[in-house]
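Heads up, the next two complexes both have subunit A, just with different partners, subunit B and then subunit C.
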Partner chain A sequence: MEVSHSVKERTIAENSLVILLQGLCNRVTTVELRDESTASGRVTNVDAFMNVRLAEVTFMDRQGTLCHLDELFVTGRNVRYVHIPDDVDIRATIEQQLQAIHRVRYFGGRDKGRKEFPRTKH
Partner chain B sequence: LYLNFAKDNKLASFLQAYDQHLNMILGDVEETVTTIEIDEETYEEIYKSTKRNIPMLFVRGDGVVLVAPPLRVG
Partner chain C sequence: MQLASQVLDEPKTASDLSFKDYTSNGSRLSWLDNSGLGFSLDYPTISLHAVSRDLNAYPWEHLYVMVNAKFEEDNAKEAPMAEGEEEEEAEDSDDDTEPIAEFRFVPSDKSALEAMFSAMCECQALHPDPEDEDSDNDYEGEEYDVEAHELGQGDIPSFYTYEEGLSHLTAEGQATLERLEGMLAQSVSSQYNMAGVRTEDSIREFEDGMEVDLAPAVAGQFEDAEVDH
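Now for the complex of A and B:
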């Protein structure tokens, strides 16, 4: 369960469906790109902007040429679809990711640690 | 639910989740890709359609053009 180190990325992820993609880490999926090429491989990381890092990838371009890659980085803007494996429980995955973020946010207890969103003083 | 995509792709499926960017999670997707081929000699337009079924799909909001309720027959 890797949570991003950046507050900005955490809030973006927390408020959108990218968080489901982040929960797909270490699963083998197929990512279809905007230009109709596809990349099948194990997801190693997804950030809040939907940039995807894959490992052990089979990349098929628009013409149908296959190519095997150890690692592949896809820019978020170029993603069209992400196939979700059948054995994924979507609700549970999202909840697990949100819990991981909350654990990071409340680290150190109520009065210790850095506050991400400080309580307003009246 | 019907979604019309950029570049002549249609998706018919059940909408499971969405967010403000229109990223969506769709179950039971039937994708229809329509291509137009032009015959060089007669200049006729031939419409080709290919269908694909995917059980569960995450769609990026960028590509979504139209979202509509299912068409009622009759």
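Now for the complex of A and C:
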């Protein structure tokens, strides 16, 4: 379960449901696009902007023509729906993703290591 | 869309594309042939891109790019159409849906496809959607410290202002503070008020320790100076 190397992306993910999509890595599912084409394949990465990377994809364009693509990258802007497989425990997936982020953030112990945000009193 | 007359940046592909330069840099995607003719696409207009190795669907392995824009037939003729190396198809939409154009980049070296795909992914990540209305993306606040809140220690500051800090000092901390300030005072004659250094005297004399006495009471250190204060 790879956590983004970007502090900004981790913060965005932690505060939105895109974290659920990030938990779908290595699952096979369908992404419906804004223009009503669909892409079915294995999720390899979802970033904080909802850009989705899929592998071994069956792509159906809006006319209904099928084609196979080795790898596909869809910009977040063009994603309309992401199907969540039935056997995915949504709550557990979100909690696991949050734990992964916290492991990265508190690497080296709570008071050691570089703090991402100073805990200052305003 | 515009015709590019020069390569904008070093190609990111590992292999040498001798017939053309595919360039994926931070600002746009460029495709040029040997004579330097070509075109470029702006990343925000690119909806998706993919590697296609399905030879049943298309006779060559290629990089497929779908663009959210309309390309007129005239432009299709102006773009270089080297045989078997590049092709573009434009779809005219006759309904209210957005215009779509499809590009298939067929490099002469198909092992470059992976690198081309990855480079584009990275460049796309550099162009987040400007129309994204999610205002929560403006994260400048603190990250939620789960453990601290669980232990009831949320909002523990890591530094204090001077006045607040004094009241939070433990006995040991107070002793340390006095020792350090004593050291500071001893290193400088008490008759000097050096700029910015808050000695014991200066703290007592001035409310705001930032005031500076420019004329030293005893001109010991500044004997050499030829300054009239």
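Basically, the second predicted complex is superposed on the first by the 120 of 122 C-alpha atoms of A that agree within 3 Å, B and C clash if a C-alpha of one lies under 4 Å from a C-alpha of the other, contacts with A are read in each partner's own complex, and residues count from 1 in each chain.
The criterion applied here is as follows: a contact is a pair of C-beta atoms (placed from the backbone, for glycine too) under 8 Å apart; a residue touches a chain by one contact, two chains touch by 3 or more.
Predicted model, so just to flag it, every value in this text is computed and none were measured.
Contacts of A:R105 after superposition on the shared chain: subunit C is touched, whereas subunit B is not. Contact with subunit B, but none with subunit C, is seen for A:R80 once the two complexes are overlaid on the shared chain.
Using the contact criterion defined above for the overlaid structures, shared-chain residue A:V43 touches neither subunit B nor subunit C, since it reaches no partner. Of the two partner chains placed around the shared chain by superposition, subunit B and subunit C are both touched by A:S16. Of the two partner chains placed around the shared chain by superposition, subunit B is the only one that A:I90 touches, whereas subunit C remains out of contact. With both structures placed on the common chain, the touch criterion links A:L72 to subunit C but leaves subunit B unconnected. For subunit A, the partner that touches more of its residues is C, with subunit B and subunit C as the two candidates.
Comparing the two interfaces of subunit A, the one with subunit B and the one with subunit C have residues 15-16, 34, 76-77 in common.
Within the complex, the subunit A residues that touch subunit B are 15-18, 20-21, 34, 50, 76-77, 79-86, 88, 90. Contact residues of subunit C toward subunit A in the complex are 46-54, 57-58, 64, 68, 97-98, 100, 117, 120-121, 124-125, 128-129, 131-132, 134, 136-137, 139, 141-148, 155-160. Within the complex formed with subunit A, the subunit B residues making contact are 16-21, 23-25, 54-60, 62-63. Interface of subunit A with subunit C (complex): residues 8, 11-12, 14-16, 33-35, 39, 47, 49, 51, 53, 57, 59, 62, 67-78, 102, 105-106, 110, 115-121.
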